[in-house]
Each structure stands twice: as structure tokens, then as C-alpha cells.
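Naming follows writing order (A, B, C and D), and every chain is counted from residue 1.
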Amino acid sequence: MGLVGTLNGGPHMTKHDAPLPIRVIVAGAAGRMGQEVVRAVLAQPDLQLVACFDRVYGPEVVPPASGARMASSLAELEGVEADVWVDFTVPAFVKTGVSWALEHGMVPLVGATGMGPEDRAELAALAERTGRGCLIAPNFALGAVLLMKFAAEAARYFPAAEIIELHHERKVDAPSGTARLTADRMSAVRHEVGLPSEPLEAGEEAIAGVRGGACGGIRVHSVRLPGLLAHQEVLLGGTGELLTLRHDSLSRESFMPGVVLAIRKASSIRGLIVGLENLL
Amino acid sequence: MGLVGTLNGGPHMTKHDAPLPIRVIVAGAAGRMGQEVVRAVLAQPDLQLVACFDRVYGPEVVPPASGARMASSLAELEGVEADVWVDFTVPAFVKTGVSWALEHGMVPLVGATGMGPEDRAELAALAERTGRGCLIAPNFALGAVLLMKFAAEAARYFPAAEIIELHHERKVDAPSGTARLTADRMSAVRHEVGLPSEPLEAGEEAIAGVRGGACGGIRVHSVRLPGLLAHQEVLLGGTGELLTLRHDSLSRESFMPGVVLAIRKASSIRGLIVGLENLL
Amino acid sequence: MGLVGTLNGGPHMTKHDAPLPIRVIVAGAAGRMGQEVVRAVLAQPDLQLVACFDRVYGPEVVPPASGARMASSLAELEGVEADVWVDFTVPAFVKTGVSWALEHGMVPLVGATGMGPEDRAELAALAERTGRGCLIAPNFALGAVLLMKFAAEAARYFPAAEIIELHHERKVDAPSGTARLTADRMSAVRHEVGLPSEPLEAGEEAIAGVRGGACGGIRVHSVRLPGLLAHQEVLLGGTGELLTLRHDSLSRESFMPGVVLAIRKASSIRGLIVGLENLL
Amino acid sequence: MGLVGTLNGGPHMTKHDAPLPIRVIVAGAAGRMGQEVVRAVLAQPDLQLVACFDRVYGPEVVPPASGARMASSLAELEGVEADVWVDFTVPAFVKTGVSWALEHGMVPLVGATGMGPEDRAELAALAERTGRGCLIAPNFALGAVLLMKFAAEAARYFPAAEIIELHHERKVDAPSGTARLTADRMSAVRHEVGLPSEPLEAGEEAIAGVRGGACGGIRVHSVRLPGLLAHQEVLLGGTGELLTLRHDSLSRESFMPGVVLAIRKASSIRGLIVGLENLL
């Protein structure tokens, strides 16, 4: 690719200091999320799609004019130089791909979920050893990430809080991963400042389940209805006041500004970090 | 009181057809709700407070200038002529008081809760025998009553619905009586039009209770937080759309327009009816 | 089509009384809304798509297997027998098409907007003369229609109300037609019961426009933001209580249950009626 | 008062390092807000109410057992040693009182509004000269302050935002001071990151005012209805997502946790600062 030099994991420069585009590989490029990422990367002049990776491709995944290599095995990626590895593959593959990327000098940005604490520890060790950063982000929507951050920050000042998450009726799990993560972060802050680790006992349930499920010190309620997409509301109650934080997500597109932001900040990541909020 | 004649349970007229005020007895007049009713009746020129009834009175329950008799037993009420008996007494007394009122030619308007189906049947029989109307209204807030009515009406057109009710942290029961009643009415309509009597099965609960409690075909979620008062939200979901009906109640005053409306329409009630919506 | 007989504007029956499908022509079939209607009609076993009408067709508007005639002029529709004419054409054409449909024995259901009072009067006269029904529905989303109906009903009981409508940033007009119509209906009810025809004077505007625009007795606020689709909230305020009615529309699909309902009830329409709520 | 020593404007200690209570004077103590502050201070064991100040007192403003001096002129306060001066007096008096407090070695915490930029500059100079801190807080409700902080932080990541503030119908000004302040902070951040200083042009107003009033780059809508108290909603819209921050205030009590927090942190304030968020 005719580069004069490449800084470690950061934007590479010519000797005249003109910034070169950040080189990106999209893994899981043929999936619904991967295709959005491909489109988002191609739309940014400071980003360059150098390769796509997926097991199987449908037609027209990548405009041929992009010049990106289309690989369906890691072997086919050998020789491709890149700065960032964006991973929206399946849980079974993530660790393999991310390890490969770290060993090949890239910063992995992982949107796929399903990694356990052991996998994370392993990746953290590998990131340490290779001197690269690595980001695992359960949610790339800026609004969702800000909501989580604000909820954790506010949890310190309110005696009690509950979460209502609302999704379309085809969602198979309850509560949502984001609700769980939000409750965890809020509970951690509550613990820090000495607030109770159990939710407020408020009356008795005449019908089992109406008071929701307890996630640490926070009760969570999951609503499932047609006509909904993906929504989350955090309610924090104090003396004579209520603070409500709500996020509504309409489409996969909502993740793209967060993905692009993470690609641009990838070179500043040190070690393994979890959550896009660390880059805000 | 110098009345020339009194129509049965209706507004009484002089021979010149000038409307006389509707005569009201407030039972439970020293309670928090009773005192609001006393104030509301005194504030309306077309209503006349003829007597208050309560076991024990605190100071200044009724402005002395009102001329209302203050009774602490039913015996002390003998000889008082009235059109309407507004009852916010305790559950243990309601049936006694309402029976007495029906037998003395008044229309009872009952805000107190806690009457079972047997008590209701007994009162219905007594209303029938005395030829009087009688209203039992679990909620006198016009907005709450309209919400229930609209929710039942809309239930016919949407495949699925859930209820979120939100109250201050000192409320002892969950779900609220209003949420239960709303769910019952919606379920009845769903049954009528052949919609399922069980709520939508949507995914599995990883944490018990997050999906709320089932009230007929409707899932109900109860939120309890300081900073809340009394709120209810009905969400109805259909293809690509969501209809939300919400009621917020800030104070006991919110019940007064409904109480006054019921007093004015009392003479039109036939037999025992349940729910202020029957007068709207 | 081998029909034995056709009832006037209603479902046509064989002599054995087995119901035949309702025959539908979709006008504006190549537009975004028209295509949804085509899909919705094809999906219902009791409806039959007999023809599509549009000036120009793109590829694959109608599955060829449907057997529907594809016309690009009214002349090409001659000889097609149908019960219902669903019209989502452009304002400039609506009157021509609807007149043609009425004269050919069909009940027009018109979703297109942009007809003035004179056009409506003309169509009403024509419907009268031909003895057919005709529906003009500014909004076919059941939830939106119910919201309008409920808002008008509740307007009678609350001293004041405001409307907030929220749409994506590409919407060119403000307020939305639905907000305007809702305000009109609420104002009419307010007038009926003697409520003021001007909105509450509440304080002074330090910044022009913050108090919204007055539509009869109702103030309307229009929010325009990316991330929004089409939403409307009616807030009704009374003593110590607030009633909020909200509708969220996610997709054009949300109109289809209303269109299908109107097709099924078309034969019961008498004369020109405006608003789907008349069929609920 | 037998103190061994007093740290500059901070909690004063005996020589054995046992913390002594923070000594508080409440100015405007007979007003509705002042009385809440008196109650809040008396309820905290680490705070000591040493004096109240107001022009005129009604009965029972301060429990006599508190031992606090009740002054109705600054002269009557001479000789009272205190650490913090909480000021909820009228605009016309604020500057006089705060200057006096600074010169007498106290940290003023000012809740009263109505000071212009010149007054602020003068107080900043005085704080500088006396070496004391001083806080001007337009809103002491923690939730309202957090909302403002979060709104400013999120403004950086969203292309557009609007504010809806909702208050009871007796509020005389529109928009609310808090809405204005929120819009100002958000506009400042937008300016910083190069977002437009004018709100999005979105369509035309068919009715003047529906698109709200522009406060910098943010449109503000003011709703006024009975049944409302004090509420504010900030909507931030981005690609396919919406972030909503809402605060509901039910009572003056909601300000007390913020006042107490500010009293406790008063000794850490340097110079004149505006906004409670600087202490969070």
C-alpha cells in the first residue's frame, strides 16, 4: 500500500505529516450489522476499508470499487496491513479472530456479545503481551452508552432506582443485556457510597412478578410489545423529585456513529477495556 | 329548610321551578378525603352541605358558618333531609352507612374500597327495594376513570398490552387496585373479541419477575420510588404503532371534580352501579 | 369473474350465500403507501386485488400471480368490477379518481390529503347522487385515530390541554395535519361545553414562540429531531391530575390494519364521512 | 461559642480533632424556601443553625429549643460566628447580605435568583479579596442539576436537541430559568465542538410559534397546564436514536438534599462559582 511508516496502532503518517486514512478490516462483514459497518466505513474519507472477512458472502456485500479484499478465512487475510479490526462475528469465533488481530498488530473493536469472564481475561493477557489496545463494547449506540454512564453517575445521589426496558415482542431474552449492565454499574456505585445492595422493600406482591426482578439493588421491568423497537428507561427517585433517563433505538444505523468514533480513537486504547463510555 | 316539595332522589324544586341546591351529607368527614369533600361541597353554590358524619372530629373540620349538623352517630342524623350521601368512611362501616342512607331516601356515592361481591349484592338488592340509585367508585379522579374507559375501548384493536403503574415507596400493595381494575376491563374486552386470555409469551426470564405479573391477558409492572405520587401507564402495541395512555395524580384534590360531578348526576342513577365512568 | 350478483357496494354473494371476497382496486399502487396496501390486500383471504392503478410503474410492484390488472389510465380500468377503491394518489388527481370510482359503483377510501372544503362538498354531492358511501381518512393508523377520538372525548372534562407532536427532521410542515385535526376536534368539544375558545393565558414569553402556536383553544408544539419518526402527545390538565394520550408510529405498516378494517366496513358507509373513527 | 479554633471557611475543629458541626445562618428564614432550609439544617446532626435572618417573622418559624438567634437586621447578627450563609432572600437584598457574609468570614450559598452579570462580577471580586468561596445556584434540586450536567455532556454527541419544560398554569415566565440555563450550557458545548449555533431549520410554521423559541442552537417549548408542577425534558436526536433526560420536581423539599450537600462542601469552594454541579 506504499506507506512510508506506520505508528504503533495509531494513524500512520507520511514523512510530510499528512494523515493517512485509518485502515479497517470488518469481520462478520456479511451479517446485518457487518454490512452497516462496511457502509459506514466507506462513507468516511478518513477511514479505509482494506478487507472484509466472513465465512460466506451473499451478493453485493461490498461495492467492488472499494478495492477491499474479501476473505473467507484468516489465511486469506495474511499480508493485509490494517490498524483496526471491527468484529461483529458470532460468539464461537470472536476469540479466535480477536487473538489473530492482536497478534497481527491491530486494535480489535468487538461488538459481538457472548464472551465470558475467562475469555476476557485471556484477551486482556494477550493485549498486554502484544502491547495493543482492545475494546469490547456491548452497545455502540452513543445514546445507550451515555445513558449507562449517566445512570451510574446519578445512582450516587438517589436512594432508589428502577429500570424499565421495552422491546419488540420477538426478543427472546429478558431482561435485555443493556438493562443488566446498567443495573450492574448502578449497583457498583451504590455499593461504593454505602447504599443498600438490595432493592427497597415496598409492599407485598398480590400477583407474583409485578414488582419486577432484582438486579443487585435495582429492580428491572421488561415490557414486550409489537410496535416497540428497543427502549430503556432508568428512573431515579429522591425526596420530592424524579430523574428519568431514556434511550430509544430505531435502527442498526444508530450504532454507526459509535463504531466510527471507536475506530478513530482506537490508537489511544491501552490494554483491554469494556464499554464505549471509556472513549467518551 | 322551607322546601315546598322534593322530587325523588333528584334536585328538589320550589313551585316556581327555581332549582334548590342539592343537599349533601359527607360521611367520614374528618378523614383526609372527607375534609376535601367538605371543602369541595362548600365551594359549589348549587350544593348544600347539610350534615357531616364521623366517629370523632378534630378541630375545625367544618367552618361553623356552614350551618351543617355535625353528627358522630347515625342517631344524631335523624331528621336531616338530604339527597346525596357521600361516603369516605372505613371499610368496616361502609355497608351500615350506605344501607341507612338508602333507607332514608338518599343516593349513596361510595369512594371507600374494601367491599366484597357479597356486600355489593346486598346493597344492589337494597337499592332495588328502595328504588334508589347507588354508586360505588373505586376512583373519583376523572382522568383515571377516562384512562380506564379508553384502555378498555382500545384493547379491542390491539393484539397486546401491558400496564406500568408507578407509586411512592410507602404504598403497601402491588399492583394498585386501579391497575387491577384496568387490566380486568381490558381482559373482558379482549375475551369479547376473541383475543387470547393469556399474555403474549415473549422470551424467557433470566431473572424471575422481570416480565411482570399477569392479570388476565395483560402483564402489569409496579414501580415504587420516592419522588413518585400515583401514576399509571397503559401501553397498547400493534403493527408498527404504540398507543400509550397515562394518568398522573398529584393530590387528593384531583378526586373532587369527579365527586362533584357524581353529586350532580346522582338523581339519574338507577340501581347499583360500579365505576364513575357510567356517569360520563 | 363469474359472479351471480352484486349487492350495492357491499360484499357480493353467490346464490348459496357463501361470501365472496371483497374486490379492491388500489389507486397510487406504485407509491410507497400504495405498495403497502397492495401487500396488505394480497395477504387477506377475504379481499381480492382486482386492479392496480398508477401513472408509472416500477418493476415488481405486484406479484404477477395475483391476476390483478395493472392500469396506467382510467380508460384501462373500464370493465373491471370492484367494490372498493383505495386511493393513495397525489392531491392533483384524487378528485378525478374518486369521482370515477363513485360513478362506477365503488366505495372510495381516500388516504391522500390535500382536498379543500369545496372538493369535499363536491364529492359529498356526488356520493349522495350515486347512493354510495365514501371515506376520507387523514390517518389510517388505528392508534392515531383512537387518540384523536379519546382526546376529543376527554377535552370535555379538563379545563386546559396542549399538544406536542414530534417528527423526524425532514418533515416539511409544522404543525402536523394530525395535530391540527386533533386540536380542531378538541376545540369543537370545548366550544360545545362552554370552555374558552382561546388557550389559557399563562405568563409572558421572554423568547418568542416558546409557548407554542394556538389552534383554537389548544396550544400546539412541534418538535423536529433526527431519531424521531412520527409521535403525538396530548396533555390534558385538571385539578391535581394530568391525562396524557400518546401515539408512536414506527412504519407505514401501521396504517394497514386501519385500511383493511375500512375495506371490510366499506359497504356500511352512507354518504361522505371524514375520519376512520366513524367506523370504530 | 467556646471554639478553640476555626479553619478558614471550613469545618472547625477542637484540638482533639473531633469535628464540630458546621455553623449555618439562614437568610430569608421566614419565606417558604427558608423555612424548608431551617427544618433541613435542624434535622442534620453535623449542621448547627446559629441564626435566622429575615425582615419579618411569622409565628413558629424556628423551634425555640434550637437556640438560634432570630435577627431582623444585619446589625442584630453582629457577633454571631458562622461558617455558611444560606441565602433565600429577595433579589433586592441578596447582594447586600452576601457582601456582609463574605466580609464576616462566611461562605454564602445563594439560591435566590435575579442577579445580573454586574452583580456577579462585584461578588466575584469581593470573594477574591476576602479569600472566601461563594456559590450561586439557580437550582438546588440534585436531579435538575444532574440533568443540566448530563444534557451539556450529551450535547457534544448529538447533531440536534430540543427542550420541553412543563409547569403549572400559574407560572408567570416562559421559558423557565432552568430551561434557559440548560439551553445555554448545551449551546456552549455545541459551539466548542463546532455544531451549528442556530437550531435546525425544519420545515415552515403554518401556525406561528409551533416550532418553539430558539435559545442559541436549541429550541425550547413551554407547556403550562393545571395538574403540572415543575418538569423538564431534554430530547437529543441522532442517527436512528433518541436520548431523553427528564426531571420531575414535586415539592420544595426536593431542594434540601442539594442545600445540605452544598453546606457540607462549602469549605472547599474557591472564589465565586455558579451552579451546584460544580460540587458534584
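Definition applied: a residue touches a chain if its C-beta (ideal position, glycine included) is under 8 Å from a C-beta of that chain, and two chains touch if they have at least 3 such contacts.
Given the structure is predicted, the values throughout are model-derived calculations rather than measurements.
Where touching is counted per the definition, the chains common to chain A and chain D are B, C. Of all chains, the one whose mean C-alpha position sits at the greatest distance from that of chain C is D.
Between the Cα centres of chain B and chain D there is a gap of 41 Å.
Separating the CA-averaged centres of chain C and chain D is a span of 50 Å.
Chain C has its Cα centroid 37 Å from the Cα centroid of chain B.
Counting partners per residue, chain D has 143, 227, 236, 238-242, 248, 250, 254 as the residues that reach two or more other chains.
Because contacts link each chain to all the remaining chains, their graph is best described as complete. For chain D in complex with chain A, the touching residues are 141-144, 146-147, 150, 153-154, 157-158, 236, 238-254, 256-257, 280.
Note for the complex: chain D touches chain B at residues 143, 227, 229, 248, 250, 254. Taken in their complex, chain A has these residues touching chain B: 159-162, 164, 166, 169-175, 180, 200, 202-215, 219-228, 235-242.
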